[in-house]
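The following block contains the structure, expressed as structure tokens.
Letters A, B, C and D mark the chains in the order given here, with residues in each chain numbered from 1 onward.
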Amino acid sequence: MATSADAGPIRILITGGTFDKEYDELTGRLFFQESHLPEMLKLGRCGLPLQVRTLMMIDSLDMSDADRRLVVEQCRSAAEHRIVITHGTDTMTETAQMLAGEIQDKTIVLTGAMVPYKFGSSDGLFNLGSALAFAQTLPPGVYVAMNGRFFAAGKVRKNRQTGMFEEQG
Amino acid sequence: MATSADAGPIRILITGGTFDKEYDELTGRLFFQESHLPEMLKLGRCGLPLQVRTLMMIDSLDMSDADRRLVVEQCRSAAEHRIVITHGTDTMTETAQMLAGEIQDKTIVLTGAMVPYKFGSSDGLFNLGSALAFAQTLPPGVYVAMNGRFFAAGKVRKNRQTGMFEEQG
Amino acid sequence: MATSADAGPIRILITGGTFDKEYDELTGRLFFQESHLPEMLKLGRCGLPLQVRTLMMIDSLDMSDADRRLVVEQCRSAAEHRIVITHGTDTMTETAQMLAGEIQDKTIVLTGAMVPYKFGSSDGLFNLGSALAFAQTLPPGVYVAMNGRFFAAGKVRKNRQTGMFEEQG
Amino acid sequence: MATSADAGPIRILITGGTFDKEYDELTGRLFFQESHLPEMLKLGRCGLPLQVRTLMMIDSLDMSDADRRLVVEQCRSAAEHRIVITHGTDTMTETAQMLAGEIQDKTIVLTGAMVPYKFGSSDGLFNLGSALAFAQTLPPGVYVAMNGRFFAAGKVRKNRQTGMFEEQG
């Protein structure tokens, strides 16, 4: 490929996660409202042909088997061969592993954020930029994109002490 | 490659550009001080093995032939096979083309920003995330990474009406 | 008074509140670390002679009678005649009322924020600017400064539906 | 006064200044578009009764005598007795002095910013909060509100080395 155009359109599936958490000023709690993805893509002056769809808006600790099956189904039925999934970091590696067992012919990249986008200090925009780039260039397979890096599904874990993703067995 | 670790370390060469412009509150003008790259990499919780080096801190409209030869020389002599160059957007495509004529065995990705990082609405973090991802995954060659996309050197221009990068002949 | 200099130095007492909440990226919870007051004063290029002291770093819903007595004691013993207290909004009016019953010879202004300072969309800097101004210009008494307005202690309530402070009784 | 409500409504007159400068991503220059005042008032959850009017959108170095006469005229004819003027910092003290010679029966507060509001590090929100507070509490007269402080017109200068406002003769 000499240009992104050869990679074809990308589908973005939104599932929620820290990425999209808001601060509720009346209760002082974090909650989900609408996704910030469109705003982030605009900020990034993103010029890729994208199809964005919100599947759910949940904390990934609350993601059920049925929720994961929905994600798998949506990846399978998507017309696009390249998919980015925004996802909470706590169970991102589990969803990646389930997807890898079910879908082999598409490039699927899961990403998220350690800090909500609406917080000034969020890693969300950096991660989104890298995930979209990995989705255009990696061969079919399921990957996690965090910390500027990519990891094949099944070979990555979140280090809960450091908050960083790392290779594993 | 199943993980970023297989891609090896990346060198980042800083040349300035809008990325790194600051607001001088005494004169009301934009100027260069130190690069924001380290701060941006920290914000992105970047976990890649990186070597960062500042070559110059200039507006790319002020980049001379001697400056460009320095960039080429630094790319050639770098031990790393993957290089990201931060660069002003106005002449980014020129520098890319000169690099492509000189270096064929490394993956070199130029990126920048339309809005200074210190402005809340900057695309810099998004572009940096994508450039680092492209540097890990694209085959040897020289590329421009802007707007979430990549373009081979010599096949890209900046549209000065829209501020977007696009394919050309 | 023709200038702030005539108002004399101001003491700032920090008690925590939403103002100073941080996002813990490992647990996804909001917590207190250090106060952002010094950073906010620097951002505001504040040129006032100030004495800043942290008394506690708590949610105002957790403020005990002993905590409030400490605040009263600190206001009483302060050498300064003008005092600003940063405080959680939930019980700000209660602390104001207790202070008003105990101290009559100083100008005391309580302020806070609906959204943490570290969130991009915080009202904290606006409120801090107004509280410091009210502290310089209002006669002795205890006041709440929120929403760009001031209210005498005992004549204000937080409307929990709107999050705005308003006159009462 | 026991509450802001007794101070009556405030008129805000916008003249431009650093406050309202934007970054033009196509030319790399700072320019004026629309005022950010409404956005700033919303961020501050401002609950004051306000009348906002844009008189001009210029750098205060470009402010002519005719421009200043317009500002004086607008202050004179305003129904409100309390007025805040947003103004570039370079000639803020000059406009204040002209106003002081013409209008004695209203409280007029000029404020501005050293860094554009759209830059993350702006002092604008802090200054706006303090200016609105000073406008509610100071007796009739013309004042400059910067650095958390107020100064009577004619007794203040901008220190061009430090960017801070200070008393003078």
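Couple of notes before you dig in:
Following the convention adopted for this analysis, a residue touches a chain if its C-beta (ideal position, glycine included) is under 8 Å from a C-beta of that chain, and two chains touch if they have at least 3 such contacts.
Per UniProt, the chains are A, B, C, D = Asparaginase.
Remember, predicted model here, so these are calculated numbers, not experimental data.
Ranking every chain by how far its Cα centroid lies from the centroid of chain C (Asparaginase), the top place goes to B. The mean-CA centres of chain A (Asparaginase) and chain B (Asparaginase) are about 24 angstrom from one another, to the nearest whole unit. Distance between chain centres (mean CA atoms), chain B (Asparaginase) to chain D (Asparaginase): 40 Å. For the pair chain A (Asparaginase) and chain D (Asparaginase), the distance between C-alpha centroids works out to 45 Å. In chain A (Asparaginase), 114, 120-121, 163 are the positions where the chain touches two or more neighbouring chains simultaneously. Inter-chain contacts occur between A-B, A-C, B-D, C-D.
Of all residues in chain A (Asparaginase), only 18, 21, 23, 25-26, 28, 30, 59, 114-116, 118-121, 160-161, 163 touch chain C (Asparaginase) in the complex they form. Contact residues on chain B (Asparaginase) toward chain A (Asparaginase) in their complex (touch as defined above): 2-5, 40-41, 43-48, 114, 121-123, 125-134, 136-138, 145-152, 155-156, 163-167.
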